[in-house]
Structures are given as structure tokens and as C-alpha cells.
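Alright, structures below, take your time with them.
Each of the next two complexes has chain A plus one other chain: chain B in the first, chain C in the second.
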Partner chain A sequence: MATIHVDGKQYDVDGADNLLQACLNLGLDIPYFCWHPALGSVGACRQCAVKSFRDENDKMGRIVMSCMTPASNGTYISIDDEEAKAFRATIVEFLMTNHPHDCPVCEEGGHCHLQDMTVMTQHHSRSYRFTKRTHLNQDLGPFIGHEMNRCISCYRCVRYYKDYAGGTDLGVYGSAANVYFGRAEEGTLESEFSGNLTEVCPTGVFTDKTHSERYTRKWDMQYAPSICASCSVGCNVSPGERYGEIRRVENRYHGELNGYFLCDRGRFGYGYTNLKDRPRHPLIDGATVTSDVALGAARGMINGASKVIAIGSPRASVEANYALRTMVGAASFYDGHATQEGELVKLALQIVRDGPVPATTITAMEDADAVLVLGEDITATAPRMALAVRQAARGKGRALADEKKVSDWQAISLADLLQRDSYPVFVASVDSTRLDDIAHATVRAAPEDLARLGFAVANLLDASSPAVAGLDEATAAQAKAIADALAAAKKPLIISGTGAGSTAVMQAAANIAWALKAKNDATGLALTLPEANSYGLAMLEPQPLADALEALASGAADTLVVLENDLYRRAPKAVVDAALAKVKSLIVIDHTATDATARAQVVLPAATVFEGDGTVVNYEGRAQRHFQVYDPKYYDASLAQVESWRWLAVLEAASGWKILDDITGACATAVSGLAGIVDAAPGAAFRIDGLKIAREPHRYSGRTAMRANQAVSEIRQPVDPDTPLSFSMEGYNGVGGLDRPAALMPYAWAPGWNSPQSWNKFQQEIGGHLRGGDPGKLLFAGGATQAYFTDVPAAFTPSGSGSGFRVLPLHLHFGGDELSSRAEPIRERASTAFVAIARADVARAGVNGHATVSVDGELVQLPTFISDTLPAGTVGLPAGFAGVPFVAYGVDATVSGG
Partner chain B sequence: MPGYLPPEKRSPLQQLGDILWGVYTQLRTIVMIFSHTFRKRDVIPYPEVKPYMPPRYRGRIVLTRDPDGDERCVACNLCAVACPVGCISLQKTERPEDGRWYPEWFRINFSRCIFCGLCEEACPTTAIQLTPDYELAEYKRQSLVYEKEDLLISGTGKYPDYNFYRVAGMSIEGKPKGAAEKESAPVDIKSLLP
Partner chain C sequence: MSTPETVVKLAELTGKTQEAPFVLTDDERHEIEHEIAHYPDARAASIGALKIIQARRGWVPDGALEPVAKMLGIGAAELEGVATFYSLIYRKPVGRHVVKVCDSITCFMVGYEDIKKTLEQHLGITHGQTTADGRFTMLPICCIGACDKGPALMVDDDLHHDLTPDNVVGIVEAYK
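Presenting the complex of A and B:
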């Protein structure tokens, strides 16, 4: 604590902060550009100038940069000082001398920090009469637009991209007034986190290209608090809609998960919801019918069936899965994960929920000082974790600074102290990963061998955990190095998950974490999961998928209801074909056209995550609610997509469910593990000052014209019975004495702060938790000590001859995720399908540029990628890619040339 | 009213004065009205004769073109947000040939418009302008919904010279970086000269 005096008033602040942060924390406005809560201070822009005085009698004072000055006890400053104000106005004027003045055609306009700061400093007319310096732009790929003339040289972009996100292909070039922020050569930005540049850059240099195509200003979009559906981290997002289309996805700050940053898959992968060929009308045998006809047909099929079974979905909400389970009964409700994946998720649940080490939050990961990633490429399977692990590695800089009594916001000093040093990160995976660049050591091996390494590490940490028989010397040495680093760490962190497809890998990771926990209470653990709501589905305890397919193929069940699931991604094609061939009636509820909807007699169009309300449970066991962003029927009354749970509530009329709260409440009562889901966000009856919360900013334009081409008389705004949000600008918009609960904040805006920097106005302290608590409700209460897992697998032995190879699923950031891979920009960014083969095996397989791969009887021809990192005797197939067969764990494939 | 007394408190002499004053004003009014018989006519036989409207009269809204004949509107949405009744809506798109921003569609609901002129004031390109045409009556309200085809005129309106793209830095086909007003040629970033 320190006491500072600002413009004659006395405040208590955190003395470890800089003055800028301290003042912003107090709600005082100081204009700034180059400081960012996650990037620290560099003093590059000179915008945050204030007058500092020696003591209360000093009347002269001197100008200091508030972001570079500690908020030490007894500081006297003035923000309102005339000289300081004039100084700040001059700085903006300087920064604007070369500005192209193209706000009307700038995608940043309306949420531009430069606009905000220019207004805040009251600079309005230029005195510079000379010519402006200009730059050429670069094509940076399908995600990011580039307009260099708008740059104010704050260096935020490179500090984020290179230092924070570990990117190597964005830099600063030129000198003096000519500095240029871009790539050495035009080309697609390589980092999986490039999208954050659009929010980090305070100007319109880097903007969202996917948004630009169908551009709408920030004030003109309708928003809702939503959850990214592209992985199990569950980052909070704020999607914006206009004219019935999702136009962009922006970060929605969460103090324990995503913080200020998202990954590119989550940010740019929304396009699947706008696809024209999505099911938006009920279909019977491919022909469009009304909802009543389709429901009648579905009811007829269900009532006329000898036995109905249902398959749930890890990408559908808890409510949808629960409604389905209620309709068919728990015994007939089957898992939507592939069979083995379902087992892995169950195991993860057992480790994280029932074990002694709960899942570590993303922000807590950033504080780890030794990290082991076992069996995962987290940049693909839980991308936001990878960004956090990068911060953990860099965290050593903070420790070094602490020793030298340097404040941790001194970004340049920290980097100087750190040089190339970092906290130890070990990456053990089946192939090279996108995190290898920060790894102190990497291990590439088949899942069995990764598990053996893990078990060996655990055994070194605690001799009572099972030992690994027959470990080779090299692996033993690796295990020793890892165990030593983890044991020496203050906050060790183990990350593993379902990505390797192996229970043994996850068990080994659990053993390590549990062995460490016994000695060090600060041990962290995180297990990634296949999909956004994997836990939510697993906690409903579905039967294994294989049993469902078996029951169908054998004729034990003749009618199947599939919820938001493409079965062809969950089991080998032949098995699914055999099962579906026997089905009398197939009813599919989905929002996306899949091979399963193509075979269905009845298709009920579901809402995507953007079009519906629901609750999902992330890797920590945090139940989070996503809210409907807009009502599609407002623009086209014929559209029939509604949440899957709503279809099921109508089908199951006896349930009496009318609104979301009914079904969430019923689920919470029926399933004890899910009791907390009602607290994920306030229910429909919640009001602030008697008002619902507005989804639209108060400046939302065109209300009386947007539908006028259909009918000049305005229709009533859609009503939302399910949530405390309104489809309108009418309602509480956060400007007033009261805060909206963090789970109900549709978008970030505060008076004078139109850019994402406005999140600072809603945090308990800058960069910390949101006021009123971060969104979501942790469902896991904390487990107890468990016995170690003891099934140490035998080492992997490649079949030395012939054409048989073990198939390993390779996870890629782009292209493998079912939904985002349908978005056009992601398709452009993703690689095409391939088969990876170890260099040592090229001759044996006889491949030459192309290979024919046969898995479970399915033959595909794919281009080959010769890998120097893949273990010998294995081939890698990109998991989830279109044109790549389903791969179960441990299956072999035959590979032959061409 | 200072010095005013209600009638019952006024003296009889004062009351007589009141009556005479009343008679005088009545007669004056009658004389004035009949004097109009001999004056020049104020009303005009509309619609045969149209009244003069100053150029800045705020009537029917149009979208104008720049001096080169291209659409001026860059779909910035500022008119829409300035509109107090929310009767303007549009969608930005980009011309693939030259990179210009323009509205894919542009709609004004004149049944809601109050002709306040705030859109014109907000427009950074002088595209949207109010004109002296006030004859907007329709039998069907739906006919008051104007689309871009109905709004776009072929001239520059009140501002014959302004061309946004010559001033702003965004490059379009035919106007590369450095070619806007007050711009110097793009820098060579590989050079280390200051």
C-alpha cells in the first residue's frame, strides 16, 4: 500500500504499480497508448504525461511519464495541470502528423483507442502543413488487414507478437520517423495468436479482415456474452451480429481464463454459423417442411419404434444433452464422443474432479515456474494454454527483477534481465509441436513411450508410485532431468490430456502431479479435452458409443435420435454405415450439414452457439453460460432454427419445460454433479434497476430502416423469455452506478472508452478479476488423495517390416476442429490433408509424394509429408480433417506408395 | 400586468375608456383585413406554380457522386448513427476492382425521417445531402422506403469539388500510396537514412 496525492486528493494504491495503472485503477482517466496491462510499460509514446511534484509545497513540478513512474508512497502528481494537458495534446498532435485521416474507411473507427485518446486530449485541428510520410501495406493472410499509415509507433504489436506470443515473423523495420511494423516479406502471419493484434494495436493498422468483408461499426452490432466452442478452454467471447449474420468475434475479458487474448481459431472460426447451406428449416427426407409437420413425424417415429436410443454431443450444451437423456432414459442415452475418447474424458474427470490436484486456471498457469506438457500439442488442442505456458517460461524475468528490486511492469528491464533465459518447459509429444521453441527439452515418441517417461518421472518424484521396467538409458536420463526441474520448482505445472488418445499418458501425468502435490501444495495440473462441453456430457454418464452402434447394427434398437453430432467423425465409416443401414428412423438435430444429417429422415435445425442459450463445462469444470446473440427470425420469419433443448422440450411435452431456466434447474436437481450449473449466470428473472440488460449499444443505428424493405411498419423487437438480456438497445447498458454481473456483459464500452481498453473500467484491479467475480461456476469441489495408477504400458515396438504402421492422430490448430474448419478464412489458412511419415520409414512404405493409406478398411490417397520428428514405425494423420478417415487409438494402417 | 386592475375595481371613467378602446381595435382589424383586397397576393397557386426554395432547404435526401462520377458514399455508417430516428441503414462492401468502400445497399425510411439534416452534417464525404425537393407525399407508406437506386443521383449536389479519396490516405486503384493530397512517396523501409 502506498498513499499518493492526485490533484490535491489523497488515495491509497498498490505501491508496486506504476502511476498510470494506479490512477486507472482509481477510475481516473489518463490518456495512454504504449502501456498495456499484459505487456507492461516501455515509455514509447509519451502520451501518459502528468505533472509530478516533490512535495505539497512544490508548485513548479516537472512532467513525468506516469507509466514509467512507480506509485511510491508520498507521490504528488497532477493530471489536470495545464502544462501537462498541453503536453499531452501536443503529443497526440505529433502522433497524428502522418495519420492518413481515413477514419470513415477504417475498420477501427468507432472502437479506436487513437480516436478515444484524441478526443480525451481535446486535440482537434492540425497545425502541421507539410506532406505526410507514407508506407506501403502488406498482405498478411486471411485474418489480418494492414494499413501502416495509421501507426503511432507505440510498439505494442511487436511486443505482443514477438515477446508475449513468441512469434518470429513480425518485426519493426526502418528508422526514425520511418519505422515500419510488418513482416520481412509479405505473407501470412504464422502465429496462432495473430488475431490479438487487432485488439492490442491501439489504431487501425491491424484490423480483422474477416470482419471487414461484411463490416459493421462496433456500435451497430448486437452482442451477447458467449463462450468459444472451438476447444475445452472455454474462452469468453463477445460475438457481434448485424442483419442476421455474425460479423466478428472479440475477446470478452475473463480474469481467470482468456484474460485479454484469444486464439485465431476461436476468433476467426465463426463463419460456419453464416453458411447458407446450413439446416435452417426442418427437413423430412430432404424436403423442407414446417416445424409442426417435422415434430409430428418425429413423434410418430418415436412412438412407433420398438426401441429408441439417442446419441448426445460434446459440442451441444448440457441442457440439450440432458433433455435428450430425459427423453430416452439414461440407459438409452449414449456418448457423443468416440468410444475411446469417451473413456479418456471419463478418466480426465476422475483425475481432475476426484483427485487431489484440481485444474489450474489459465492465469495461474502463467505463474508456473516449471512446466511439463505430456502427450499434447496444446497449441492445437487447447491453444490458450500454450499462450499461458509461454508467459510461464518468460516468468523468470519477473523473478530476476524481483531479486534486483525492479518493478515487474518495467518490460524492457525484464527482457534485458532475462536475455534468452526462461523457466524450464518440457514438451513430450508424439511429434514436434508449436511450443518446441520454448522447450528446454523435447521428447518425441509413441504414446506408450510417453506414458513410460511420465511414469518414470513420477517414480523419481515418489518412489511409491509404480516403477517402469526396462527403461532405456536415454529415457531414464530425460526422466531424471524433468523430475529434478519439477521438484525444484515452486509452482510446477503438468499439462496433458486426451490429445494423444492414450489413457496411460493421462494416468502418468496424474501420477506426476499427485507425486508433486504431496511435497508441494502449489502443484498445478490441466487436462485438455476433445471438445467444448466434453465434461458436461461426461457428467451425464452416457453409455459408450460403441454399444449404441452395436445395438443398432444388431437390430436391438430401430430408431435413433442424434444430437448435434456427425457420427462419421466418431467411429470408422464401415461401422457407422452398418449401424445406420439397420435403423428404421433416424432423427438428427443439428445446426450444421453433416454426413449424418444427409442420411436422416427428419432433420430438426438447431441453433449454433451464437443463436442459442446453454451451459457448457470447460476443462476446469467451470460451468459457463452462452447467450443467444440475436434472433434469426427478426429478419426472416421462415427460419426455424432453435436450440436443440427447445426441440426436445417440445418433443417431450410431458416435461413441461418452457424456458432455459426450467431445464437447467431440472438438470441441476437430477444430476448432483451438475447442481452448480444454475449459478453459471443469473436466471431469466434477474433485473438491474428493474431493467433487462441491453444487447445492443445505445447508439445502435437503423432500427426503423433495417427491416423497412420487408414492411415499413416496425415489428415489435423480439422478446427473450430465457435470459435477463433484451434484443434491443433498451435496457441497462452499464452506464450508471451499478455493474452488470460479469457473466451478463455483452460487450465492453464505457463513456469515452470505445476500444477494448474499456475492459479496464470493469475490473477489480487492472488486469485482475472482473468486478463481481469472473463469470462461471466451478462445479468441482476439490477431490482427495488417490492411489497411483499402476498400469505402466509396454514400450512401443514398431513392426519392422511390411506395410503396417501405427497411426497417430496429429492435432493441428486449423482444419481439425469440426465447426471452425468450415469457416472460409480458416479453410484458407489450414493445410490440406496429408499423411506424415518418418524419414526412416519412407523406403519401407515405398511412398513417393503420395501414399495410399488404409485404416479400418477405409482407403484414402493423401500427399505425404516426410517428418524428421515422427517416431519410426508410425504415420501421422491430421485429426478431424475432411478426407481423413476416423482413427481409433492404437490402430494400425497399411501404407503404400502412390 | 403592472398596474392592471380587475373591472370591478376600476372607476366608471376608466371603464368608459376601456369600451372606446375596444371599439377602436375592432374597427382597425376590419379595416386591415379589407385592405388586403387591394394588396399584392401572398399565396401562390401551388402546384401550378412552385415556390422558391433556398439550396440549403432540408428536403428529400440524395446520395451524390464525386467530381469523377463515382459514388461518394464510403459506407462509413456515420449518417446512420447520427440519425435521431434511426431511419438510415446500409451495408459496407468493397469493390474488388479498385478497393473502394461503397454501400452494397443503402436504405432510408422517409416515413420516419424528420429532415433534421444531421446525416448530412455527419457525412465525411459530402455524399448524403438534403435537397429542396419537399414533394414526398405517397398513398402507400411502404413507398416511402427508398433504396440506393432511388437515392443515388448523377451529380455532385451542393459540393462540386470534394473527393474524399483524394484527401484520405487509403489507396485505391489509380491512387496508390503517396498520391493523396499532401502525401510524400512511400518510404524505403530498408534504408537506414533518417
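Presenting the complex of A and C:
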């Protein structure tokens, strides 16, 4: 604690902060550019100047940069000082001498930090009369637009991209008044976290290209608090809609999960919801019908069935899955994961929910000082974790600074102290990963061998955990190095998950975490899961998918209801075909056209995550609510897509469910582990000052004219019975000074703060938790000590001859995720399907550029990719890619030239 | 994504010609390795490595960035940042002789502008340009430590001082 005096008033602040941060924490506005809560201070822009005085008697004072000055006890400063104000006005004018003043055509306009700061400093008119320096822009790929003339040289972009995100292909060139931020050569930005540039850059240099063609100003979009559906991290997002299309996805700050940053898949993968060929009307045998006709047909099929079974979905909400389970009964409710994946998710639940080490939050991961990633390429399977692990590695800079008594916000000093040093990160995986660049050591091996390595590490940490028989010397040495680093760490972190497809790998990871936990309470653990709501589905305890397919194939069941699931992604084609061939009636509820909807007699069009309300459970066991961004029917009354749970509530009329709260409440009551889901966000009755919370900013314009092409009279705004949000600019919008609950913040805006920096106005302290608590409700109450897992697998033995190879799933950031991979910009960024083969095996397989791969009887021709890292005897197939067959864990493929 | 933006490649911008693929010579490679050996972190040899290339080729061609960056264990973007920060690392071909005219404060006060004008008239180029015959490139330079004898300039590695509009032409003309 420190006492500081600002403009004659006394305040208590955290003495470890700099003055800028301390003042912002107090709600005092100082304009700034180069400082960013996640990036620290560099003192580059000079915008945050204040007057500093020696003591209360000093009347002269001197100008200092508040971001570079510690908030030490007894500091006297003035923000309002005339000279400081004049200085700041001059700085912004100076920074803008080359700026084109092109706000009307700039896509940053309306959520621009430069606009906000210019208004704040009251720089109203410019006096620069000379020629401006101009730059040529680069094509940076499908995600990010580039308009260098707008640059004010704050250096935030390179500090984020290079230092924070570990990217190597964005730099700064030139010097003095002629600096250029971009790639050395034009081309697609390589980092999977490039999209954050659009929010980090305080000007319109880097903007969202996916938004560009169908552009709408921030104040003219309608928003809702939403959750990214592209992995199990569950980053909080703020999607914006206009005219019935999602136009942009921006970060929605969460103090324990995504903080200020998203990954590119989550940010740019929304396009699937705007696809024209999505089911938006009920279909019977492919022909559009009314909802009533479709429901009647579905009811008839269900009533006339000898036996109805249902398959749930890890990409559908808890409510949707619960409604389906209620309709058919728990014994007939089947898992939407592939069979083995379902087992893996169950195991993960057991480890994280019931074990002694709960899942570590993303923010806490950044504090780890030794990390082992076992079996995962987290940049693909849980991307936001990878960004956090990069901060953990860099965290050594903070420790070095601490030793030298340097404040941790001194970004340049930290980087100078750190040089290329870092906290140890170990990556053990089946093939090279996108985190290898920060790894102190990497191990490449088949899943069995990764598990053996893990078990050996655990055994070194605690001899009472099972030993690994017949471990080779090299692996033993690797295990020793990893165990030593983890044992020496103050906050060791283990990350594993379902990505390697192996129970043994996850069990080994659990043993390591548990062995560490016995000695070190600060041990962290995180297990990644296949999809956004994998836990939510698993907690409803579905039966294994294989049993469903078998019941259908054998005729034990004749009618199938499928919820938001493309079965062809969950089992070999032949198995699904055989099952569906026997089905009398197939009803599919989905928002996306899949091979399964193509086979259905009845298709009921579901809402996407953007169009509906529901609850999902992330890798930590955090229940999070996503809210409907807009009502499609407002634009076109014939559109029929509604939440899957709503279709099911109508089909199951006896349930009495009318609104979201009814079904969420019913599920919470019926399923003990899910009791907390009602607390994920306030219910429909919640009001502030008697008002619902407005989805639209109060400056939303043009609503009267929106449907004028259909009728000149303005129709009533849609009513939202399910949530405390209104489809309108009417309602509570935060202008009155009361906080909206964090889970109900549709977008960030505060008076004078239009840019994403306005999130800083809603935190308990800058960069910390949101006021009132970060969104979501943790469902896991903390487990107990468990017995170690004891099934140490035998080492992988490649078949040395013939054409048989073990198939390993390779996870890629772009292209494997079912929904985002349908978005055009993601498709542009994704690689084509391929088969990876170890260099040593090229001759044995006889491949030459192309290979014919046969898995479970399915034959595909794929281009080959020769890998120097893939273990011999294995081939890698990109998981979830179109054109790549379904692969069960442990399956062999035959590979031959061709 | 249908309307591609108007895009001009940086390389085309500066009028560089597209050359054949760049290959580091063994000699360059050895000398860069030698330079790297002086430092605990190879990155520290960035400027040295660029100078090695420039000494042999007169400038640093685009194609050199990638292989040199690789040797230094950094990205090409970072090396280009270094290369473009320093005005005496040339990222465009220069003439046989580089005339570097001091425009810092003392020389400025004692007649830099006249010297510059004279050179411009005589050579037909201004700062940043090269004569059509490839003989001279003209660049501004920061204080070269000859303030007491200003105005001053350098041609290649030679310092010339006490310049006047009358003597400066003769000075540069001595460089063929």
C-alpha cells in the first residue's frame, strides 16, 4: 500500500503499480497509448504525462511519464495541471502529424483508442501544414487488414506479437519519423493469435478483415455475452450482429480465462453461422415444411417407434442435451463423442473433478514456473492455454526483475534481464508442436511411450506411484530432467488432455500432478477436451456411442434422434452407414448441414451459439451461459431456427418447459453435479433499476429503417422471455453508473471509452477480476486424494515391415474444428488434408508425393508430408479434416504409394 | 474475401530488381560464424553479419535476410528491423561511392545547405538517390566529429572538412 496525492486529494494505492495504472484503478483518466495492462510500460508515446511534485510545498513540479513512474508512498502529482494538459495535447497532435484523419472511412472508428484519447486530451484542431509521410500496406492474409498511414508508432503491435505471443514474422522497420510495422515480406501472419492485433493496436492500422466487407460501426451492432464454441477453454466473446448476420467477434474480458486475448480460430471462425446453406427451415425428406408439420411428423415417428434412442452432442448446450435425455430416458441417451473419446472425457472428469488437483485457470497458468505438456499440441486443441504457457515461460523475467528490485511493469527492463532465458517448458507429443520454440526439451513418441515417460516422471517424484519396467536410458534421462524441473518449481503445471487419444497419457499426467501436489500445494493441472461442452455432456452420463450404433444396426432400436451432431465424425463411415441403413426414422436437430442431416427424414433447424441461449461447461468445470445475440425472425418471420432445447421442449410438451430458466432449473435439480448451472448467469427475472440490460449500444441507429424494405411501419422489437437482456437500445446500458453483472455484459463501453480498453473500467483492479466476479460458476467443488493409476502400457512397437502403420491424430489450429472450418477465412488459412509419414518409413510405404491410406476399410488418397519428427511406424492424419477418414485410437492403417 | 486489396510489394516499391535466388557464399558464412562466436547470444552479431554482407555486395539484398537470420536464430523480420534502423546498412543498391553529407547542428549552422545544393546541382541527384552512371549515391549523415571544421562530409571512408561550394565539387570529382 502507498499513499499518493493527486490534484490535492489523497488516495491509497498499490505501491507496486506505476502511476498510470494506479490512477486508472482509482477511476482517474490519464490518456495513454503504449501502455497496455498485459504488456506493461515502455514510455514510448509520452502521452501519459503528468506533473510530479517533490512534496506538498513544491509548486514548480516537473513533467513525468505516469506509466514509467512508480506509485510510491508520498507521491504528489497533478493530472489537471495546465502545463501537463498542454503537454499531452501537444503529444497527441505530434503523434498525429502523419495520421490521415480518415475516421469516416476507417474501420477502427467508433471503437478507436486514438479517437478516445484525442477527445480526452481535447486536441481539436491541427496545425501541421506539411506533406505527410505515407506507406504502402501489406496483404497480411485473410484475417487482418493493414493501413500503415494511421500508425502513431506506439509499438504495441510488435510488443504483443513478438514478445507476448512469440510471433517472429511481424517487425518494426526504419527509425525516427519513418517507421513501418509489418512483415519483412508481404504474406499471411503466421501466429495463431494474430487477431488480437486488431484490439491491441490503438488505431486503425490493424483491423478485422473478416468484418470489412460487411462492415458496421460498433455502436450500430447488437451484442450478447457469448462463449466461443471452438474448444473447451470457453473464452468469453462479444459477437456483434447487424441485419441478421454476425459481423464480428471481439474479446469479452474474463479475469480468469481469456483476459484480453482470443485465438484466431475463435475470433475469425464465426462464418459458419452466416452460411446460406444452413438449415433454417424444417425439412421433411429434404423439402421445406412448416414447423408444425415437421413437429407432427417427428411426433408421429417417435410415437410409432418400437424403440427410440437419442445421441447427444458435445457442441450443444447442457440444456439441449438434458432435454434430449429427458425425452428418451437416461438409458436410451447416448454419447455424442466418439466412443473412445467419450471414455477419455469421462476419465478427464474423474481426474479433474474427483482428484486432488482442480483445473488451473488460464490466468493462473501464466504464473507457472515449470510446465510439462504431455501428449498435446495445445496451440491446436486449447489455443488460449498455449498463449498462457508462453507467459509462464517469460515469467522468469519477472522473477529476475524482482531480484534486481525492478518493477514488473518495466517491460523493457524485463526483456533485457530475460534475454533468451525462460522458465522450463517441456513438450512431449506425437509430433512437433507450435510451442516447440519455447520448449527447453521436446520428446516425440507414440502415445504409449509418452505415457511411459509420464509414468516414469511421476515415479521419480513419488516412488509409491508405479514404476515403468524396461525404460530405455534416453527416456529415463528425459524423465529425470523433467521431474527435477517440476520438483524444483514453486508452481509446476501439467497440461495434458484427450488430444493424443490415449487414456494412459492422461493417467500418467494425473499421476505426475498428484505426486507433485503431495509436496507442493501450488501444483497446477489442466486437461483439454475435444469440444466446448464435452464436460456438460459427460456429466449427463450418456451411454457409449458404440452401443447406440449397435442397437440400431441390430434392430434393437428403430428410431433415432440426433442432436447437433454429424455422426460421420464420430465413428467409421461403414459403421454409421450400417446403423443408419437400419433406422426406420431419423430425426436430426442441427444448425449446420452435415452428412447426418443429409440422411435425416426430419431436420429441425437449430440455433447456433450466436442465435440461442444455453449453458456450456469448460475444461475447468466452469458453467458459462451464452446468450442469443439476435432474433433471426425479426428480419424474416419465416426463419425457424430456435435452440435445440426449445424444439425438444415442444416435442416433450409434458415437460412444461417454457423458458430457459425452466429447463436449466429442471436440469440442475435432476443432475446433482449440474446443480450450479443456474448460477452461471442471472435468470430471466433479473433487472437493474427495473430495466432489462440492453443488447444494443445507446447510440444504435437506423432501427426504424431496418425492415423498411418489407413494411414501412416499424414492428415491435422481439421480446426475450428467456433472459434479462433486451433486443433493443432501450434498457440498462451501464451509462447510469451501476454495474451490469459480468456475465451479462454484451459489449464493453464506458463514457469516453469506446475501444476495447473500456474493459479496464469494469475490473476490480486493472487487468484483474471483473467487478462482481468473473462470469460463470465452477461446478467442481474440489476432490480428494486418489490412488495412482497403475496401468503402465507396454512400449509401442512399430511393425517393421509391410504396409501397416499406427495412425495418430494430428491436431491443427485451423481446419479440424467442425464449425469454424466452414468459415471462409479459416478455410483459406487451413492446410489441405494430408498424410504425414516419418522419413524413415518413406521407403517401406513406397509413397511418393501421394499415398493411398486405408483405415477401417475406408480408402482415401492424400498428399504426403514427410515428417522428421513423427515416430517411425506411425502415420499422422489431421484430426477432423474434411476428406480424412474417422480414426479410432490405436487403429492401424495400410499406406501405399499412389 | 472477394475484393483483394490493392497491394504493392515492398520489394517492388523500392525499385529493386528481382534477382536470382540468394545464396550465401562460403566466405560470408564463415565470417558470420566467426562473428557469432564473439557473443553469448548469436543475435548480438546481427549488425556485424549485415556489414559482412554489405562489404562484399555493396548492399544487403532482400534474399540475404532469411539465411542470415537463420544463422542468428531470429526471424527475418527482426533482422530487417536492425537493417532498416541503421542508415548505413544499405537495403537498396548504392553507387560506387557514397557521399555522406553531415546535416547535424554545427554543420547546419555553418553552411550545410549550400553544400547540399551545390552537390545536388553538380550530381543531379539528392539524398537517397544514385547517379544514373552508378558512380555516386548521396546520403545525409549525423555528426561525424568534425564540427570545428564544418561543414563536413565523407566519401566512402574518407573525411573531408572545411567545405565550401567552391571546393566541394573538386573533392567528389576525385572519386572515379
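As a working rule, the second predicted complex is superposed on the first by the 897 of 898 C-alpha atoms of A that agree within 3 Å, B and C clash if a C-alpha of one lies under 4 Å from a C-alpha of the other, contacts with A are read in each partner's own complex, and residues count from 1 in each chain.
By our rule, a residue touches a chain if its C-beta (ideal position, glycine included) is under 8 Å from a C-beta of that chain, and two chains touch if they have at least 3 such contacts.
Since we're looking at a predicted model, the values are computed, not measured.
Q: Scan A:131 for contacts with chain B and chain C and give back first, second, both or neither.
A: The first partner, chain B, only.
Q: Is A:185 contacted by the first partner chain B, the second partner chain C, both or neither?
A: In the superposition, A:185 touches chain C alone.
Q: Should A:168 be classified as contacting the first partner (chain B), the second (chain C), both, or neither?
A: A:168 contacts chain C only, not chain B.
Q: Which partner, chain B or chain C, is in contact with more residues of chain A?
A: Of chain B and chain C, more residues of chain A lie in contact with B.
Q: Quick check on the superposed pair: does A:216 touch chain B, chain C, both, or neither? Answer first, second, both or neither.
A: first
Q: Once chain A of both complexes is superposed, is A:104 in touch with chain B (first), chain C (second), both, or neither?
A: In the superposed model, A:104 contacts chain B only, not chain C.
Q: Would you check which partner chain A:709 touches, where first means chain B only, second means chain C only, and both and neither mean what they say?
A: first
Q: Applying the touch criterion given at the start, work out whether A:701 contacts chain B, chain C, both or neither, answering first, second, both or neither.
A: The answer is first: A:701 touches chain B but not chain C.
Q: Using the superposition on A, tell me which residues of chain A are in contact with chain B and, in the other complex, with chain C.
A: In the superposed arrangement, which is not itself an observed complex, chain A uses residues 136-137, 173-175, 180, 213 for both chain B and chain C.
Q: Where on chain C is chain A touching in the complex?
A: 1-5, 7-11, 13, 41, 43, 62, 65, 74-81, 84-87
Q: Taking the touch rule as given, give the residues of chain B at its contact with chain A in the complex, in rising order.
A: Per the stated touch rule, the residues are 74-78, 80-81, 83, 85-94, 101, 107-109, 111-112, 124-125, 141-142, 144-145, 147, 164, 167-171, 177-178, 180, 182-187, 189-194.
Q: What does chain A use to touch chain B in their complex?
A: Listed in rising order, the residues are 99-106, 109-110, 130-137, 147, 149, 173-178, 180, 212-217, 219-220, 243, 699-706, 708-709, 711-713.
Q: Given the complex with chain C, which residues does chain A contribute to the contact?
A: Going through chain A, the ones touching chain C are 136-139, 142, 145, 162, 168-175, 180, 183-186, 209-210, 213, 419-420, 824-825, 828.
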